[in-house]
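Working notes, beginning with the structure itself.
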């Protein structure tokens, strides 16, 4: 039997010196198959970003983290990552940012330019090739960040609250953009967000994480007809039902940390 | 900017200098019974013209600037390398950080007598003095610039295929360029002081020695004329530096 | 026991210096380098004590420190007034800005022969040269600090009938206190450098003068001792400033480029 694309088993993460240790994650189990769009939601500080960073190879935890059966211990081109802060290289133009990963792979210049051009068209930023990130709006920057990651054709896409810094309207536009790109490329996506609506709208599966130390409390399978328009989806009864279910559970996690009473 | 705007700015900028020159002339006429101690504008201008014609001023100026900028250039290369390595590799930081902290408070011109003992009188001493003096500010600024590199940039670069050893040159260095530019500008200003100090203490040539000799031999109009040249050169070079680096940093988002 | 552990921890942190000291001692004693260039580190305390006993250590140091502090104080007095006034008066700003801009990058040390001409070889020359060297960055520092004070604050003070002097005293001055520490911290080393350097070049007592004298007499151990004293003073003074700043401005936390790594 082929191993799942992503397999996380009994993952724990500790921060800090022994006297003042913080347990960020506790025995997290998660399995993601190829082509899935999985989102992790949870209260702030629950460790969901930490999980993503460990999967990306930027941090180390104890337990099993495997991609296609092989253990993960360092960053790599197979796992592309997009951060909330865009993380564009400010000294490079839009064109050079998108082409960055292609350059590290020593892809020939003409081929590189073709690919970059294609992605610039894809994200609708024709005419901005020579601009620097500081000249772009938040939405444009995020589009460049996505294009930069996708241009290297990673097998897995890791998204760390990618639209958190954008205003509500731009966020909706970017969500649809992401959905469009995903349906075209069918990558395996693991996203982290605190926006439940966003999670339910975009993903095939939503995992709810508990307060720190984070564990996966429950997983929800989301089955929506995504070929419909945004309006149809968001206003449908199925969407509302799924969103409410997830939201109640997330709320319970948030509240359990603050001691505020809930209606059960 | 339109021509008339440029003209207006230039006039506005030079206005204070005209006033200052007028005050100087008045002071010269009134304060000093002995005009040589406080030469009037005419005498200084005359000396300036005679100096420009002779090779004495320009050759000494050239020698000083050559020593100065060589020492500075070496300091930039060594300083940026050291500072960024300290930020990147904790072992390097552990070793050099106490050294930097310990020597930071040392007035580097105090090393000039020591350098004279070791290297004797000459260009090597002067260049070395500039190098040592400019090294530390550049190291500190490069270190802070590299250390302040946002980790999401480093992580993104790694996820895009940048090998570990390339992270410093490909990500940390460009990211710390604004800080490096600032540190170098500070070092630039300071380098002149060291060069002049070294030349005044013991040297066979150089602009510092020149003004020292003029002062000692009573050629005060030449003295003031040379100082004027130094001020103008320092200002012009600083302005050129700012303009050049502005292009280098045109991508930078100034807070 | 705890003291020993603390000492050990300090030594471990400063291990490069310890290594350097050992290396120095070894090289000096091995005969690889002539004692003229590198006397043994262990010989220095003896030299220092000798100098101290002869009155050749504290007296010149006191002279140099007096000059440096006096010059800096003068620069602070003039610079703070001019800087703050510049932020309030457009005419003054028009006049001062170009002059400061041109004077700032220039090496003020070049004026040393001029100052000697006008003020002689003693204290006054050094004090005034220090003041001249430090005043421009101080003007800029206070000008920026005064400018950074929110105009809303000043307007509300004005609308409450505060006179110009009152505004100065109760709004601008307190806002400049952090800048005061920053400028002192940056300019005190400059003051020390200019003092020592001027003494090295023209003499007239002070640590710099004695340093050049020792060098000319090829008295290398004394040269090293003086350099180390200058280093120690620089460190001491900087730490005193930091300690004072912490006490006065406990709430103020900013990492300046001048901070050590």
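Which chain is which? They are A, B and C, in the order written, and residues in each are numbered from 1.
We adopt the following convention: a contact is a pair of C-beta atoms (placed from the backbone, for glycine too) under 8 Å apart; a residue touches a chain by one contact, two chains touch by 3 or more.
All values derive from a computational prediction rather than experimental measurement.
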Using the touch rule from the top, point out the two chains with the most contacting C-beta pairs. B-C
Averaging each chain's Cα atoms, the one nearest the global Cα mean turns out to be B
Chain at maximum distance from chain A, centres defined as averaged CA atoms: C
Gap in Å, rounded to a whole number, between the CA centres of chain B and chain A: 48
Euclidean distance of C-alpha centroids - chain B vs chain C, Å: 18
Chain centre separation (chain A, chain C; CA means) in Å: 52
Can you list the residues on chain A that touch chain B in the complex? 53, 56-58, 74-77, 79-81, 83, 85, 87, 89-92, 100-101, 104-105, 132-134, 148-149, 152
Please give the residue numbers of chain C that touch chain B in the complex, ascending. 13-17, 20, 36-37, 94-99, 101-114, 116-118, 189, 192-194, 196-197, 200-201, 208, 211-212, 214-215, 218, 220, 223-224, 226-227, 230-231, 233-235, 237-238, 257-261
Which of the residues in chain B end up touching chain A in this complex? 150, 152-153, 155-163, 166, 171, 174-175, 177, 250-253
Help me check something: in the complex, which residues belonging to chain B touch chain C? 12-17, 19-20, 37-38, 86, 93-114, 116-118, 139-141, 143-144, 179, 182-183, 188-189, 192-193, 195-197, 200-201, 208, 211-212, 214-216, 220, 223-224, 227, 230-231, 234-235, 237-238
